[in-house]
Amino acid sequence: MLARVRASFDRQGMMTTLGVEVTAVEPGRVEMSLRHDDRFTQQHGFLHAGAVASVLDTACGYAAYSVMPPDASVLTVTYTINLLAPAAGQRFTMTGQVVRAGRTLIVCRGEAFADGADRPFAAMQATMTVLHNGPGLSG
Amino acid sequence: MLARVRASFDRQGMMTTLGVEVTAVEPGRVEMSLRHDDRFTQQHGFLHAGAVASVLDTACGYAAYSVMPPDASVLTVTYTINLLAPAAGQRFTMTGQVVRAGRTLIVCRGEAFADGADRPFAAMQATMTVLHNGPGLSG
Amino acid sequence: MLARVRASFDRQGMMTTLGVEVTAVEPGRVEMSLRHDDRFTQQHGFLHAGAVASVLDTACGYAAYSVMPPDASVLTVTYTINLLAPAAGQRFTMTGQVVRAGRTLIVCRGEAFADGADRPFAAMQATMTVLHNGPGLSG
Amino acid sequence: MLARVRASFDRQGMMTTLGVEVTAVEPGRVEMSLRHDDRFTQQHGFLHAGAVASVLDTACGYAAYSVMPPDASVLTVTYTINLLAPAAGQRFTMTGQVVRAGRTLIVCRGEAFADGADRPFAAMQATMTVLHNGPGLSG
(Lines give C-alpha, C1' and ligand atoms only; values in the text may rest on other atoms or scores of the structure.)
Protein backbone atom coordinates (compact mmCIF):
# COMPACT_ATOMS: atom_id res chain seq x y z
CA MET A 1 0.00 0.00 0.00
CA LEU A 2 2.79 2.39 0.95
CA ALA A 3 4.51 1.61 -2.36
CA ARG A 4 1.31 2.33 -4.30
CA VAL A 5 0.83 5.65 -2.51
CA ARG A 6 4.42 6.70 -3.14
CA ALA A 7 4.36 5.63 -6.81
CA SER A 8 1.21 7.63 -7.46
CA PHE A 9 2.46 10.59 -5.42
CA ASP A 10 5.71 10.73 -7.40
CA ARG A 11 3.72 11.20 -10.61
CA GLN A 12 2.13 14.42 -9.30
CA GLY A 13 4.05 17.33 -10.78
CA MET A 14 2.21 19.67 -8.44
CA MET A 15 3.45 17.91 -5.29
CA THR A 16 7.04 17.93 -6.56
CA THR A 17 6.78 21.60 -7.48
CA LEU A 18 5.41 22.50 -4.05
CA GLY A 19 8.15 20.43 -2.36
CA VAL A 20 5.73 18.21 -0.47
CA GLU A 21 6.94 15.09 1.38
CA VAL A 22 4.87 12.10 2.49
CA THR A 23 5.82 11.69 6.16
CA ALA A 24 3.41 8.92 7.25
CA VAL A 25 1.03 6.44 5.61
CA GLU A 26 -1.17 4.01 7.50
CA PRO A 27 -4.50 2.47 6.45
CA GLY A 28 -6.96 5.36 6.39
CA ARG A 29 -4.51 8.10 7.40
CA VAL A 30 -1.77 10.01 5.55
CA GLU A 31 0.50 12.81 6.73
CA MET A 32 2.45 15.21 4.51
CA SER A 33 4.68 18.18 5.12
CA LEU A 34 6.05 21.16 3.24
CA ARG A 35 8.08 24.28 3.92
CA HIS A 36 7.14 27.91 3.38
CA ASP A 37 8.12 28.99 -0.14
CA ASP A 38 7.89 32.55 -1.48
CA ARG A 39 6.79 31.22 -4.86
CA PHE A 40 3.46 30.10 -3.37
CA THR A 41 2.31 33.06 -1.32
CA GLN A 42 -0.81 35.22 -1.26
CA GLN A 43 -0.82 39.00 -1.24
CA HIS A 44 0.19 39.30 2.43
CA GLY A 45 3.16 36.96 2.16
CA PHE A 46 1.63 33.88 3.78
CA LEU A 47 1.38 30.51 2.05
CA HIS A 48 -1.50 30.73 -0.47
CA ALA A 49 -4.73 28.96 0.48
CA GLY A 50 -4.45 27.19 -2.87
CA ALA A 51 -1.20 25.55 -1.82
CA VAL A 52 -2.73 24.59 1.52
CA ALA A 53 -5.79 23.16 -0.21
CA SER A 54 -3.68 21.25 -2.75
CA VAL A 55 -1.78 19.42 -0.05
CA LEU A 56 -4.81 18.77 2.18
CA ASP A 57 -6.73 17.47 -0.85
CA THR A 58 -3.83 15.19 -1.72
CA ALA A 59 -3.49 13.95 1.86
CA CYS A 60 -7.23 13.17 1.93
CA GLY A 61 -6.98 11.51 -1.49
CA TYR A 62 -4.20 9.17 -0.40
CA ALA A 63 -5.95 8.43 2.91
CA ALA A 64 -8.88 7.25 0.77
CA TYR A 65 -6.57 5.44 -1.65
CA SER A 66 -4.94 3.57 1.24
CA VAL A 67 -8.21 1.73 2.00
CA MET A 68 -9.12 0.95 -1.62
CA PRO A 69 -8.62 -2.32 -3.46
CA PRO A 70 -5.24 -2.50 -5.30
CA ASP A 71 -6.73 -2.07 -8.78
CA ALA A 72 -8.67 1.09 -7.96
CA SER A 73 -7.75 4.72 -8.35
CA VAL A 74 -9.01 7.79 -6.52
CA LEU A 75 -10.55 11.05 -7.71
CA THR A 76 -11.68 14.05 -5.69
CA VAL A 77 -15.39 14.76 -6.18
CA THR A 78 -15.66 17.82 -3.94
CA TYR A 79 -14.17 19.33 -0.84
CA THR A 80 -14.85 22.14 1.58
CA ILE A 81 -11.98 23.94 3.21
CA ASN A 82 -12.10 26.38 6.12
CA LEU A 83 -9.16 28.72 6.45
CA LEU A 84 -9.07 29.33 10.18
CA ALA A 85 -5.94 31.50 10.33
CA PRO A 86 -3.21 32.60 7.92
CA ALA A 87 -0.71 29.88 6.96
CA ALA A 88 2.05 31.62 8.91
CA GLY A 89 5.11 29.53 9.68
CA GLN A 90 8.13 27.76 8.32
CA ARG A 91 6.98 24.14 8.25
CA PHE A 92 3.45 22.87 7.67
CA THR A 93 2.07 19.43 8.51
CA MET A 94 -1.10 18.27 6.79
CA THR A 95 -3.10 15.18 7.65
CA GLY A 96 -5.85 13.31 5.81
CA GLN A 97 -8.05 10.76 7.55
CA VAL A 98 -10.92 8.55 6.37
CA VAL A 99 -14.21 9.28 8.17
CA ARG A 100 -16.16 6.55 6.40
CA ALA A 101 -15.53 4.49 3.29
CA GLY A 102 -18.40 3.28 1.12
CA ARG A 103 -18.16 1.19 -2.01
CA THR A 104 -17.83 4.11 -4.42
CA LEU A 105 -17.54 7.18 -2.19
CA ILE A 106 -15.11 7.84 0.66
CA VAL A 107 -15.36 10.83 2.98
CA CYS A 108 -12.19 12.18 4.60
CA ARG A 109 -11.16 15.01 6.87
CA GLY A 110 -7.96 16.97 6.62
CA GLU A 111 -6.20 19.31 9.02
CA ALA A 112 -3.21 21.64 8.52
CA PHE A 113 -0.82 22.66 11.32
CA ALA A 114 2.01 25.22 11.36
CA ASP A 115 5.32 24.72 13.16
CA GLY A 116 4.08 22.03 15.52
CA ALA A 117 1.02 23.95 16.78
CA ASP A 118 -1.78 21.76 18.12
CA ARG A 119 -4.68 23.82 16.74
CA PRO A 120 -5.19 23.51 12.97
CA PHE A 121 -5.05 26.63 10.77
CA ALA A 122 -7.14 24.90 8.08
CA ALA A 123 -9.76 22.14 8.07
CA MET A 124 -11.11 20.16 5.12
CA GLN A 125 -14.03 17.80 4.55
CA ALA A 126 -13.54 15.92 1.28
CA THR A 127 -15.51 13.45 -0.83
CA MET A 128 -13.46 11.02 -2.90
CA THR A 129 -14.65 8.52 -5.48
CA VAL A 130 -13.27 5.06 -6.25
CA LEU A 131 -12.55 4.38 -9.91
CA HIS A 132 -12.19 0.78 -11.00
CA ASN A 133 -9.52 1.16 -13.58
CA GLY A 134 -9.63 0.79 -17.24
CA PRO A 135 -6.25 0.37 -18.92
CA GLY A 136 -3.71 3.10 -18.46
CA LEU A 137 -5.25 4.66 -15.40
CA SER A 138 -3.65 4.12 -12.03
CA GLY A 139 -3.18 5.80 -8.71
CA MET B 1 -10.93 49.50 -8.56
CA LEU B 2 -9.13 47.80 -11.44
CA ALA B 3 -5.86 49.31 -10.22
CA ARG B 4 -6.45 48.02 -6.69
CA VAL B 5 -7.22 44.52 -7.98
CA ARG B 6 -4.11 44.46 -10.15
CA ALA B 7 -1.85 45.86 -7.42
CA SER B 8 -2.99 43.21 -4.96
CA PHE B 9 -2.86 40.46 -7.58
CA ASP B 10 0.73 41.33 -8.47
CA ARG B 11 1.78 40.71 -4.86
CA GLN B 12 0.58 37.09 -5.01
CA GLY B 13 3.63 34.92 -5.61
CA MET B 14 1.32 31.96 -6.22
CA MET B 15 -0.48 33.62 -9.14
CA THR B 16 2.81 34.65 -10.76
CA THR B 17 4.19 31.14 -10.31
CA LEU B 18 1.07 29.59 -11.86
CA GLY B 19 1.23 32.08 -14.76
CA VAL B 20 -2.27 33.44 -14.17
CA GLU B 21 -3.52 36.55 -15.98
CA VAL B 22 -6.42 38.80 -15.01
CA THR B 23 -8.47 39.05 -18.21
CA ALA B 24 -11.51 41.02 -17.00
CA VAL B 25 -12.59 42.98 -13.93
CA GLU B 26 -15.97 44.59 -13.46
CA PRO B 27 -17.83 45.35 -10.23
CA GLY B 28 -18.74 41.97 -8.75
CA ARG B 29 -17.13 39.84 -11.46
CA VAL B 30 -13.53 38.85 -12.28
CA GLU B 31 -12.14 36.59 -15.00
CA MET B 32 -8.70 34.99 -15.06
CA SER B 33 -6.91 32.62 -17.36
CA LEU B 34 -3.93 30.29 -17.30
CA ARG B 35 -2.28 27.70 -19.53
CA HIS B 36 -1.65 24.03 -18.88
CA ASP B 37 1.74 23.59 -17.19
CA ASP B 38 3.42 20.26 -16.46
CA ARG B 39 4.71 21.60 -13.15
CA PHE B 40 1.18 21.70 -11.78
CA THR B 41 -0.29 18.34 -12.72
CA GLN B 42 -1.90 15.50 -10.79
CA GLN B 43 -0.98 11.83 -11.20
CA HIS B 44 -2.82 11.41 -14.53
CA GLY B 45 -1.21 14.44 -16.19
CA PHE B 46 -4.13 16.87 -15.92
CA LEU B 47 -3.92 20.23 -14.17
CA HIS B 48 -4.02 19.56 -10.40
CA ALA B 49 -7.28 20.38 -8.61
CA GLY B 50 -5.17 22.48 -6.27
CA ALA B 51 -4.15 24.77 -9.12
CA VAL B 52 -7.75 24.99 -10.29
CA ALA B 53 -8.94 25.77 -6.77
CA SER B 54 -6.21 28.41 -6.27
CA VAL B 55 -7.28 30.36 -9.31
CA LEU B 56 -11.03 30.00 -8.67
CA ASP B 57 -10.51 31.09 -5.05
CA THR B 58 -8.52 34.10 -6.25
CA ALA B 59 -11.12 35.01 -8.88
CA CYS B 60 -13.86 34.83 -6.22
CA GLY B 61 -11.70 36.83 -3.82
CA TYR B 62 -11.19 39.66 -6.30
CA ALA B 63 -14.85 39.62 -7.32
CA ALA B 64 -15.61 40.25 -3.63
CA TYR B 65 -12.80 42.80 -3.36
CA SER B 66 -14.20 44.71 -6.34
CA VAL B 67 -17.38 45.59 -4.39
CA MET B 68 -15.63 46.50 -1.12
CA PRO B 69 -14.80 49.97 0.18
CA PRO B 70 -11.32 51.14 -0.88
CA ASP B 71 -9.75 50.72 2.57
CA ALA B 72 -10.85 47.12 3.03
CA SER B 73 -9.07 43.89 2.29
CA VAL B 74 -10.44 40.44 1.55
CA LEU B 75 -9.83 37.05 3.14
CA THR B 76 -11.29 33.67 2.18
CA VAL B 77 -13.24 32.13 5.06
CA THR B 78 -14.23 28.89 3.35
CA TYR B 79 -15.04 27.48 -0.05
CA THR B 80 -16.51 24.36 -1.57
CA ILE B 81 -15.27 23.15 -4.91
CA ASN B 82 -16.80 20.47 -7.13
CA LEU B 83 -14.49 18.89 -9.68
CA LEU B 84 -16.90 17.94 -12.45
CA ALA B 85 -14.38 16.61 -14.98
CA PRO B 86 -10.59 16.48 -15.30
CA ALA B 87 -8.92 19.82 -16.09
CA ALA B 88 -8.02 18.63 -19.60
CA GLY B 89 -7.03 21.32 -22.07
CA GLN B 90 -4.49 23.93 -23.04
CA ARG B 91 -6.11 27.13 -21.79
CA PHE B 92 -8.37 27.54 -18.78
CA THR B 93 -10.71 30.43 -18.05
CA MET B 94 -11.92 30.94 -14.49
CA THR B 95 -14.62 33.34 -13.36
CA GLY B 96 -15.63 34.63 -9.94
CA GLN B 97 -18.95 36.38 -9.34
CA VAL B 98 -20.59 37.92 -6.29
CA VAL B 99 -23.87 36.22 -5.30
CA ARG B 100 -24.59 38.55 -2.41
CA ALA B 101 -22.51 41.00 -0.45
CA GLY B 102 -23.19 41.69 3.21
CA ARG B 103 -21.34 44.09 5.47
CA THR B 104 -18.71 41.61 6.64
CA LEU B 105 -19.33 38.50 4.53
CA ILE B 106 -19.55 38.16 0.76
CA VAL B 107 -20.62 34.98 -1.02
CA CYS B 108 -19.29 34.29 -4.51
CA ARG B 109 -19.49 31.59 -7.14
CA GLY B 110 -16.70 30.51 -9.41
CA GLU B 111 -16.62 28.44 -12.58
CA ALA B 112 -13.72 26.97 -14.57
CA PHE B 113 -13.81 26.30 -18.32
CA ALA B 114 -11.34 24.53 -20.60
CA ASP B 115 -10.51 25.65 -24.16
CA GLY B 116 -13.67 27.67 -24.68
CA ALA B 117 -16.11 24.95 -23.61
CA ASP B 118 -19.46 26.24 -22.36
CA ARG B 119 -19.93 23.67 -19.56
CA PRO B 120 -17.69 24.23 -16.52
CA PHE B 121 -15.29 21.49 -15.38
CA ALA B 122 -15.23 22.91 -11.83
CA ALA B 123 -17.65 24.94 -9.72
CA MET B 124 -16.97 26.81 -6.48
CA GLN B 125 -19.10 28.42 -3.78
CA ALA B 126 -16.95 30.69 -1.62
CA THR B 127 -17.40 32.81 1.50
CA MET B 128 -15.16 35.86 1.79
CA THR B 129 -14.77 38.23 4.69
CA VAL B 130 -14.15 41.98 4.62
CA LEU B 131 -11.27 43.20 6.78
CA HIS B 132 -11.14 46.86 7.67
CA ASN B 133 -7.45 47.37 7.59
CA GLY B 134 -5.01 47.97 10.28
CA PRO B 135 -1.66 49.40 9.13
CA GLY B 136 0.34 47.38 6.69
CA LEU B 137 -2.46 45.20 5.46
CA SER B 138 -3.94 45.79 2.07
CA GLY B 139 -5.52 43.95 -0.83
CA MET C 1 -40.75 12.92 -15.99
CA LEU C 2 -43.12 15.29 -14.19
CA ALA C 3 -45.18 12.32 -13.04
CA ARG C 4 -42.07 10.57 -11.69
CA VAL C 5 -40.99 13.69 -9.80
CA ARG C 6 -44.45 14.17 -8.28
CA ALA C 7 -44.83 10.49 -7.35
CA SER C 8 -41.50 10.50 -5.56
CA PHE C 9 -42.14 13.89 -3.95
CA ASP C 10 -45.48 12.70 -2.57
CA ARG C 11 -43.72 9.89 -0.68
CA GLN C 12 -41.59 12.40 1.27
CA GLY C 13 -43.20 12.86 4.67
CA MET C 14 -40.87 15.77 5.34
CA MET C 15 -42.09 17.77 2.33
CA THR C 16 -45.75 17.19 3.27
CA THR C 17 -45.07 18.18 6.86
CA LEU C 18 -43.31 21.38 5.77
CA GLY C 19 -46.17 22.17 3.35
CA VAL C 20 -43.94 22.36 0.30
CA GLU C 21 -45.40 22.55 -3.22
CA VAL C 22 -43.70 21.74 -6.51
CA THR C 23 -44.39 24.79 -8.66
CA ALA C 24 -42.31 24.04 -11.78
CA VAL C 25 -40.45 21.06 -13.26
CA GLU C 26 -38.44 21.18 -16.46
CA PRO C 27 -35.44 19.08 -17.51
CA GLY C 28 -32.62 20.11 -15.20
CA ARG C 29 -34.59 22.65 -13.18
CA VAL C 30 -37.17 22.41 -10.38
CA GLU C 31 -38.93 25.12 -8.39
CA MET C 32 -40.69 24.68 -5.06
CA SER C 33 -42.44 26.99 -2.66
CA LEU C 34 -43.54 27.04 0.97
CA ARG C 35 -45.05 29.47 3.46
CA HIS C 36 -43.65 30.67 6.75
CA ASP C 37 -44.77 28.33 9.55
CA ASP C 38 -44.16 28.92 13.27
CA ARG C 39 -43.53 25.21 13.77
CA PHE C 40 -40.28 25.46 11.80
CA THR C 41 -38.56 28.53 13.21
CA GLN C 42 -35.20 29.22 14.78
CA GLN C 43 -34.67 31.13 18.01
CA HIS C 44 -35.32 34.57 16.46
CA GLY C 45 -38.60 33.59 14.82
CA PHE C 46 -37.37 33.23 11.24
CA LEU C 47 -37.72 30.03 9.22
CA HIS C 48 -35.05 27.58 10.46
CA ALA C 49 -32.03 27.05 8.21
CA GLY C 50 -32.83 23.34 8.43
CA ALA C 51 -36.17 23.89 6.73
CA VAL C 52 -34.54 26.06 4.08
CA ALA C 53 -31.85 23.45 3.50
CA SER C 54 -34.41 20.61 3.32
CA VAL C 55 -36.32 22.27 0.54
CA LEU C 56 -33.23 23.43 -1.39
CA ASP C 57 -31.75 19.93 -1.12
CA THR C 58 -35.01 18.46 -2.39
CA ALA C 59 -35.23 20.97 -5.27
CA CYS C 60 -31.64 20.11 -6.26
CA GLY C 61 -32.38 16.40 -5.91
CA TYR C 62 -35.37 16.56 -8.26
CA ALA C 63 -33.49 18.77 -10.71
CA ALA C 64 -30.91 15.95 -10.88
CA TYR C 65 -33.65 13.29 -11.00
CA SER C 66 -35.28 15.07 -13.94
CA VAL C 67 -32.26 14.36 -16.16
CA MET C 68 -31.74 10.73 -15.06
CA PRO C 69 -32.85 7.58 -16.88
CA PRO C 70 -36.34 6.41 -15.83
CA ASP C 71 -35.10 3.43 -13.81
CA ALA C 72 -32.67 5.43 -11.68
CA SER C 73 -33.09 7.03 -8.30
CA VAL C 74 -31.30 9.95 -6.69
CA LEU C 75 -29.41 10.32 -3.42
CA THR C 76 -27.73 13.40 -1.96
CA VAL C 77 -24.00 12.82 -1.40
CA THR C 78 -23.14 16.21 0.06
CA TYR C 79 -24.16 19.84 -0.11
CA THR C 80 -22.90 23.21 1.01
CA ILE C 81 -25.36 25.90 1.97
CA ASN C 82 -24.67 29.59 2.55
CA LEU C 83 -27.21 31.46 4.61
CA LEU C 84 -26.93 34.97 3.23
CA ALA C 85 -29.69 36.61 5.26
CA PRO C 86 -32.43 35.46 7.65
CA ALA C 87 -35.34 33.63 6.02
CA ALA C 88 -37.68 36.55 6.71
CA GLY C 89 -40.92 36.61 4.77
CA GLN C 90 -44.27 34.99 4.19
CA ARG C 91 -43.63 32.94 1.05
CA PHE C 92 -40.37 31.33 -0.04
CA THR C 93 -39.44 30.15 -3.51
CA MET C 94 -36.60 27.65 -3.89
CA THR C 95 -34.98 26.57 -7.13
CA GLY C 96 -32.67 23.69 -8.00
CA GLN C 97 -30.72 23.60 -11.25
CA VAL C 98 -28.28 21.12 -12.77
CA VAL C 99 -24.78 22.55 -13.32
CA ARG C 100 -23.38 19.41 -14.91
CA ALA C 101 -24.52 15.81 -15.04
CA GLY C 102 -22.06 12.94 -15.17
CA ARG C 103 -22.84 9.24 -15.37
CA THR C 104 -22.94 8.69 -11.60
CA LEU C 105 -22.62 12.17 -10.10
CA ILE C 106 -24.70 15.28 -10.78
CA VAL C 107 -23.85 18.73 -9.44
CA CYS C 108 -26.66 21.22 -8.85
CA ARG C 109 -27.12 24.71 -7.51
CA GLY C 110 -30.02 25.92 -5.45
CA GLU C 111 -31.25 29.39 -4.51
CA ALA C 112 -33.90 30.53 -2.05
CA PHE C 113 -35.90 33.76 -2.39
CA ALA C 114 -38.34 35.46 -0.01
CA ASP C 115 -41.54 37.22 -1.10
CA GLY C 116 -40.49 37.74 -4.70
CA ALA C 117 -37.10 39.34 -3.95
CA ASP C 118 -34.53 39.01 -6.71
CA ARG C 119 -31.49 38.45 -4.48
CA PRO C 120 -31.34 35.00 -2.86
CA PHE C 121 -31.22 34.68 0.95
CA ALA C 122 -29.60 31.23 0.67
CA ALA C 123 -27.41 29.48 -1.91
CA MET C 124 -26.59 25.78 -2.20
CA GLN C 125 -24.07 23.72 -4.17
CA ALA C 126 -25.07 20.05 -4.07
CA THR C 127 -23.64 16.74 -5.26
CA MET C 128 -26.16 14.04 -6.13
CA THR C 129 -25.55 10.42 -7.03
CA VAL C 130 -27.46 8.25 -9.49
CA LEU C 131 -28.56 4.86 -8.17
CA HIS C 132 -29.51 2.18 -10.65
CA ASN C 133 -32.29 0.54 -8.77
CA GLY C 134 -32.51 -2.78 -7.16
CA PRO C 135 -36.03 -3.97 -6.43
CA GLY C 136 -38.15 -1.87 -4.13
CA LEU C 137 -36.17 1.31 -4.53
CA SER C 138 -37.55 4.13 -6.59
CA GLY C 139 -37.55 7.88 -6.82
CA MET D 1 -23.79 28.65 29.92
CA LEU D 2 -26.05 25.59 30.08
CA ALA D 3 -28.97 27.84 31.01
CA ARG D 4 -28.26 30.14 28.06
CA VAL D 5 -28.10 27.20 25.66
CA ARG D 6 -31.36 25.73 26.96
CA ALA D 7 -33.17 29.08 26.95
CA SER D 8 -32.19 29.71 23.34
CA PHE D 9 -32.92 26.12 22.31
CA ASP D 10 -36.43 26.28 23.81
CA ARG D 11 -37.26 29.23 21.53
CA GLN D 12 -36.60 27.14 18.39
CA GLY D 13 -39.96 25.95 17.08
CA MET D 14 -38.13 23.64 14.67
CA MET D 15 -36.34 21.73 17.45
CA THR D 16 -39.59 21.30 19.41
CA THR D 17 -41.40 20.13 16.30
CA LEU D 18 -38.67 17.59 15.50
CA GLY D 19 -38.70 16.37 19.13
CA VAL D 20 -35.01 17.07 19.69
CA GLU D 21 -33.49 16.89 23.19
CA VAL D 22 -30.23 18.44 24.39
CA THR D 23 -28.43 15.55 26.08
CA ALA D 24 -25.05 17.12 26.90
CA VAL D 25 -23.49 20.60 26.93
CA GLU D 26 -19.88 21.32 27.79
CA PRO D 27 -17.66 24.20 26.63
CA GLY D 28 -17.13 23.66 22.94
CA ARG D 29 -19.25 20.52 22.63
CA VAL D 30 -22.99 19.80 22.48
CA GLU D 31 -24.90 16.55 22.04
CA MET D 32 -28.52 16.21 20.96
CA SER D 33 -30.79 13.30 20.26
CA LEU D 34 -34.05 12.59 18.47
CA ARG D 35 -36.21 9.62 17.53
CA HIS D 36 -37.30 8.46 14.09
CA ASP D 37 -40.58 10.14 13.15
CA ASP D 38 -42.64 9.33 10.03
CA ARG D 39 -43.47 13.03 9.61
CA PHE D 40 -39.84 13.77 8.70
CA THR D 41 -38.93 11.11 6.19
CA GLN D 42 -37.60 11.11 2.66
CA GLN D 43 -39.05 9.07 -0.20
CA HIS D 44 -37.55 5.75 0.99
CA GLY D 45 -38.85 6.05 4.55
CA PHE D 46 -35.60 7.09 6.25
CA LEU D 47 -35.21 10.28 8.26
CA HIS D 48 -34.89 13.17 5.76
CA ALA D 49 -31.42 14.66 5.29
CA GLY D 50 -33.03 18.01 6.06
CA ALA D 51 -33.96 16.85 9.55
CA VAL D 52 -30.45 15.44 10.06
CA ALA D 53 -28.90 18.69 8.85
CA SER D 54 -31.19 20.80 11.05
CA VAL D 55 -30.10 19.02 14.19
CA LEU D 56 -26.39 18.87 13.27
CA ASP D 57 -26.46 22.57 12.41
CA THR D 58 -28.12 23.32 15.75
CA ALA D 59 -25.62 21.15 17.65
CA CYS D 60 -22.74 22.96 15.93
CA GLY D 61 -24.39 26.32 16.59
CA TYR D 62 -24.71 25.67 20.32
CA ALA D 63 -21.19 24.27 20.50
CA ALA D 64 -20.04 27.64 19.11
CA TYR D 65 -22.44 29.53 21.39
CA SER D 66 -21.03 27.72 24.41
CA VAL D 67 -17.62 29.38 23.94
CA MET D 68 -18.95 32.88 23.18
CA PRO D 69 -19.18 35.82 25.58
CA PRO D 70 -22.54 35.98 27.41
CA ASP D 71 -23.87 38.94 25.42
CA ALA D 72 -23.24 37.41 22.00
CA SER D 73 -25.51 35.40 19.75
CA VAL D 74 -24.72 32.87 17.06
CA LEU D 75 -25.67 32.65 13.38
CA THR D 76 -24.79 29.95 10.86
CA VAL D 77 -22.82 31.38 7.92
CA THR D 78 -22.43 28.17 5.93
CA TYR D 79 -22.11 24.45 6.40
CA THR D 80 -21.21 21.40 4.36
CA ILE D 81 -22.87 18.09 5.14
CA ASN D 82 -21.91 14.64 3.86
CA LEU D 83 -24.61 12.00 3.99
CA LEU D 84 -22.58 8.83 4.41
CA ALA D 85 -25.45 6.35 4.75
CA PRO D 86 -29.24 6.54 5.11
CA ALA D 87 -30.48 7.74 8.49
CA ALA D 88 -31.82 4.28 9.33
CA GLY D 89 -32.61 3.63 12.97
CA GLN D 90 -34.83 4.43 15.91
CA ARG D 91 -32.71 6.87 17.89
CA PHE D 92 -30.17 9.35 16.52
CA THR D 93 -27.40 11.08 18.43
CA MET D 94 -25.85 14.23 16.96
CA THR D 95 -22.78 16.01 18.22
CA GLY D 96 -21.32 19.44 17.51
CA GLN D 97 -17.77 20.35 18.45
CA VAL D 98 -15.68 23.51 18.07
CA VAL D 99 -12.60 23.05 15.86
CA ARG D 100 -11.32 26.58 16.33
CA ALA D 101 -12.89 29.78 17.59
CA GLY D 102 -11.83 33.16 16.25
CA ARG D 103 -13.14 36.54 17.33
CA THR D 104 -15.97 36.68 14.79
CA LEU D 105 -15.97 33.24 13.15
CA ILE D 106 -16.11 29.81 14.77
CA VAL D 107 -15.64 26.56 12.86
CA CYS D 108 -17.32 23.40 14.17
CA ARG D 109 -17.70 19.78 13.17
CA GLY D 110 -20.80 17.69 13.62
CA GLU D 111 -21.42 13.95 13.47
CA ALA D 112 -24.64 11.93 13.47
CA PHE D 113 -24.93 8.37 14.79
CA ALA D 114 -27.81 5.87 14.64
CA ASP D 115 -28.76 3.50 17.48
CA GLY D 116 -25.40 3.63 19.24
CA ALA D 117 -23.28 2.85 16.16
CA ASP D 118 -19.69 4.09 16.35
CA ARG D 119 -19.37 5.14 12.70
CA PRO D 120 -21.25 8.35 11.79
CA PHE D 121 -23.91 8.29 9.05
CA ALA D 122 -23.49 12.04 8.47
CA ALA D 123 -20.65 14.53 8.94
CA MET D 124 -20.80 18.34 8.94
CA GLN D 125 -18.26 21.15 8.79
CA ALA D 126 -19.90 24.43 9.80
CA THR D 127 -18.91 28.10 9.99
CA MET D 128 -20.67 30.16 12.63
CA THR D 129 -20.50 33.88 13.23
CA VAL D 130 -20.59 35.75 16.52
CA LEU D 131 -23.08 38.61 16.71
CA HIS D 132 -22.61 41.21 19.40
CA ASN D 133 -26.19 41.90 20.19
CA GLY D 134 -28.27 44.88 19.57
CA PRO D 135 -31.44 45.06 21.62
CA GLY D 136 -33.95 42.27 21.30
CA LEU D 137 -31.60 39.74 19.84
CA SER D 138 -30.36 36.88 21.93
CA GLY D 139 -29.31 33.27 21.67
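Read from first to last, the chains carry the letters A, B, C and D; within each, the first residue is number 1.
Definition applied: a contact is a pair of C-beta atoms (placed from the backbone, for glycine too) under 8 Å apart; a residue touches a chain by one contact, two chains touch by 3 or more.
Quick caveat, the model's predicted, so the values are computed rather than measured.
What shortest step count links chain A and chain D in the network of chain contacts?
1
Check every other chain and keep only those touching both chain A and chain B; list them.
Expected: C, D.
Among all other chains, pick the one whose mean CA position is farthest from the mean CA position of chain B.
Here the answer is chain D, farthest from chain B.
Counting C-beta pairs in contact, does B-C beat A-C or the other way around?
B-C
Where the CA atoms of chain C average out and where those of chain D average out, how many Å apart are those spots?
21
Counting in whole Å, what is the centre-to-centre distance of chain A and chain C, each centre being its mean C-alpha position?
Chain centres of chain A and chain C, defined by C-alpha means, are spaced 32 Å apart.
Quick check: how many Å separate the C-alpha centres of chain B and chain C?
Comparing mean C-alpha positions, chain C is 28 Å from chain B.
Multi-chain contacts only, two chains or more: what residues does chain A have there?
Residue numbers touching two or more other chains: 77-78, 80, 82, 107, 127.
For chain D, which residues count as touching chain C in their complex?
So the residues of chain D in touch with chain C come to 8-9, 11-14, 16-17, 38-44, 48-51, 53-55, 57-58, 75-83, 137-139.
What part of chain A is in contact with chain C in the complex they form?
Residue list for chain A touching chain C: 77-78, 80, 104-105, 107, 127, 129.
Using the touch definition up top, name the residues of chain C that touch chain B in the complex.
These residues of chain C touch chain B: 80, 82, 84-85, 99-100, 102, 107, 109, 119-120, 123-125, 127.
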